[in-house]
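Next up: the structures, one after another.
Next come two complexes built around chain A: one with chain B, the other with chain C.
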Partner chain A sequence: MYEGVVQDLIDELGRLPGVGPKSAQRIAFHLLQADPADVRRLTEVLTVVREKVRFCERCFNVAEDTECRICLDVKRDQSFLCVVEEPKDVVAIERTREFRGRYHVLGGAISPIDGIGPDDLKITELVRRLGEEPIEEVILATNPNLNGEATATYLSRLLRTMGLRVTRLASGLPVGGDLEYADEVTLGRAFEGRRVVDA
Partner chain B sequence: MATYRDVGIVLRTHKLGETDRIVTMLTRGRGKVRAVAKGVRRTKSRFGARLEPGMIVDLQCYEGRSLDTVTQAEMLAPYGEQLVRDYGAFTAATAMLETAERLSEEHEAVPQQFNLLAGALASLAHREHRPELVLDSYLLRSVSIAGWAPSFVDCAGCGAAGPHRAFNLASGGAVCYSCRTPGSAAPHQETFVLLAALLTGDWTVADASDDTARREGSGLVSAYVQWHLERGVRSLRLVDRSSSHLETTR
Partner chain C sequence: MSLGPIAGWTAPRLGGVFVRHLTLQDFRSYESADLEFASGVTTFVGLNGQGKTNIVEALGYLASLSSHRVAQDAPLVRAGAGQAIVRAAVVRDDREQQLELEINPGRANRARLGRSPLTRPRDLLGNLRTVLFAPEDLALVKGDPSERRRFLDGLLVARQPRWAGARADYDKILKQRNALLKTARTATDRQSALSTLPVWDSHLAKVGANLVYARLRLLRDLQPYLQLAYDEVSAGQSDARTSYKSSMYDELAEQLAAGEVPEVGELEAGFAKTFEQQHRAEVERGQTLVGPHRDDVVLQLGALPAKGYASHGESWSFALGLRIAAFQLLRHDLGTDPVLVLDDVFAELDAGRRRRLALMVADCEQVLITAAVGDDVPDSLTGATFTVTLGKVTPDDQ
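Right after this comes the complex of A and B.
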């Protein structure tokens, strides 16, 4: 244990995802020894990010305004809607340049063992959008792991009565991994080869 | 470093660092095992989907101080992948996996629990019976193996021959007229018949049960499990029972 404020810093860092106690300690001491200007920049970014960045009111992607830049872009094709778990998946799919429609970010995947059910995700909001926007195809791009697949199963069952095309990324995506680690080529191919879900 | 080989059912996973996961498994030979699967979240991982919940794998690990590390995993039964196409079956399976995790201890092999879970997952994956019946049967039998066997015929209080009309959680099931306490439930007789069938694995009776008995039975089974397991089983609340109109293969 370290004195007061240093230990507080280690504790706070240790609460971040993927940071264990050892890494927290390493980062804390890095910050203590870093150039004060560097630390000041980090502090400013952290403050600004909390104040300025929020979630898009339409698709729940990160946004700097009430809507994100993709929803605001009139050149995007409104008839295609790609459903993803997290904002970082939007980034991964945008990198492929394969998709010109809009997104809907669920805020996670169904994971009953963690107490996360359909009501904890932005699914009601998705259904509302399908009623209000001229969407013809919904592409389910949840992670190719068990919880992502279960979420896709749930959504296809829910959406099949709504008279639109529901597709899932091609199974060429290796099962078990996270979408964010798929390379552009693989992910692009998965988009091209997406198949209609026969729920 | 000591290595070992075992058969394991993946119960759940937790993200670790950038691309790893901690995988919790129920093994046949050493009870609950928590092991790190390195790089498993990369889409090119050599483990593929083998360490996803509901999968049964032939496993090789080396022992660590707090966590073991998975070095090899060969797929024996891809139940997780088969279950995920039916949302009701998926949620039933998840509730079973969570219950198994809660009922098992590290370094304490209970082969009966292992076999029960493997059998129940296979039954769900093969659509042999309705998912909620498989789940309730699994729950009753797993808590029985853990030492909390309920009684649905004879009185759980004094052993008087049944059938009886009242049901009491604390007493452990059906109770006779003199053992019943205020707050005992009075389920339908068909519900007692169904629960007794699920406990013994009499599927002819269980499959023929009606919706009222199933609904009432599920409520009692959930309450019974939650009564014995502190903090409860979170995924039980999220079991989807709306797909029960689907036909099963038998």
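Right after this comes the complex of A and C.
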């Protein structure tokens, strides 16, 4: 155990995802020895990020305002809506430059084992948007793994009665994986080759 | 279908596959072992508990990613050690390839093929195939349905490794569906708790139908070999057959038991119909009651089921017949022999059966035999012999 505030720092770092006690200790001592200016910058970003960044009220992507930059961008095509699990998936798809519509971030995927059902995802909000916005095609871009597929099937069954085109990214994405890890070319191709789901 | 004379059981062979070298580190009783093999017959002789089975178990694990003795990995790691390593040099068409598996109980195992680490140990499958017969196989006849499912799925994967992926997917979907049914059992609003059930139904049905279809085809293909193999080991006393016992609704289950192999789509529809019939029971019990995880294979000797009726000797012959049939199926399908392992088999057989078994295996590319008493192994099976004493394996001078 270290003295008071140093131990506090180690404990706080250790609560971050993916950081074990050993790494927490290493990061703590790195910070103690780092250039004060570097540490100040980190402190500022941490403060600002909590104050400024929140979730877009429309699509639940990360945003600096009540709505995110993509929702506010009038040049984006309102007739296409891409449904993803997490904000990081928005980033992955934006990188491909293949998609010019808007997004809807569910906040996860259906997984009974983890107690996550449709009510725990932003699905009611999605349905409301489909009623309010001039959306013509919904592209289901949940992860190409079992829970992502289940979520896509659930949504396609829910949405098919609404008179929209519902499509799913083409196969060819690494099965069992995350969108995040698909390379840009593969992901871009998956977009181009998307198919109407017949679930 | 003509299989030719038994003594030959010949098949067009593309080139041999055999294990030239096996290295164990902290596997079972071995701190380390380095064993050099040739093709043909290799025999391990040693008293009880000296480590003979441990050697062939390691090889079987490398080939199938599962042990024939335990379901968990922990017992495979030498007491006091953190991980075990099994490494083999496999010769195929005169080219040698190294297979390595790191067994980490409680954590993910890791595999290498040649120099490259593999993303998943599963990707190792298909590079080495073994058919292993051991005293534990008596459970194929006398044991629970899970034993027979394991036999079937193991052979499915040995034949076409891609089925390992389907099995893994099936198990994951099944867990999700069971979790959902369990929550629904105690939920105040059952309707809403089950809102995603149709999704899991359709996903389970899709993967499940493919698995059942593959199993049915496998049984159909295995049948002629089984008949022949059982005739051989039992000296032609009775008719050995299998039939698939499915958890589908009655009429479909009857069709499958009669040996029909419907299209995958029909099986998928069968799932849907059975889910409907079983809905109340599934929700009450919080469990999925239909699917390959509930199915069984009925082993028949003549008009009677083997389980509960067959004598000890008949049960033995049936279990051995299943393994030999599996070997023959793989030989004919793949054009190369899997490595045949006979653990402690000869001691259980009378003189006539020993002779016939020896005749059957004599032309296999590689056979590994273990015996507590060397004299139990017929003299006709000549080859290298190792003596196993207290975890030390010493080659006998020829």
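Operating definition for what follows: the second predicted complex is superposed on the first by the 199 of 199 C-alpha atoms of A that agree within 3 Å, B and C clash if a C-alpha of one lies under 4 Å from a C-alpha of the other, contacts with A are read in each partner's own complex, and residues count from 1 in each chain.
The criterion applied here is as follows: a contact is a pair of C-beta atoms (placed from the backbone, for glycine too) under 8 Å apart; a residue touches a chain by one contact, two chains touch by 3 or more.
Owing to the predicted nature of the structure, the values given are computational and were not obtained by experimental measurement.
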item: Combined model on chain A where chain B meets chain C, clash or fit; value: clash
item: Touched partner set for A:17, first chain B, second chain C, both or neither; value: first
item: Chain B versus chain C as contact partner of A:115, first or second or both or neither; value: both
item: Chain touching more of chain A, residue-wise (chain B, chain C); value: B
item: First, second, both or neither for A:153, with chain B first and chain C second; value: both
item: Chain B versus chain C as contact partner of A:193, first or second or both or neither; value: neither
item: Location of chain B clashes with chain C - one stretch out of 26-34, 152-160, 170-178 or 224-232; value: 26-34
item: Contact residues common to both interfaces of chain A (with chain B and with chain C); value: 110, 112-113, 115, 117, 146, 149-150, 153-154, 157
item: Chain C-touching residues of chain A, taken from the complex the two chains share; value: 110-113, 115, 117-119, 146-147, 149-150, 153-154, 157, 199
item: Residues of chain A touching chain B in the complex; value: 17-18, 20, 110, 112-115, 117, 144-146, 149-150, 153-154, 157, 173-178, 181-183, 186
item: For the chain C and chain A complex, residues of the former touching the latter; value: 169, 172-173, 175-177, 179-180, 183, 192-193, 195-196, 198-200, 202-203
item: Of chain B, residues touching chain A in the complex; value: 12, 15-19, 40-45, 47-54, 80-81, 84-87, 90-91, 94-95, 97-98, 234-235, 237-240, 243
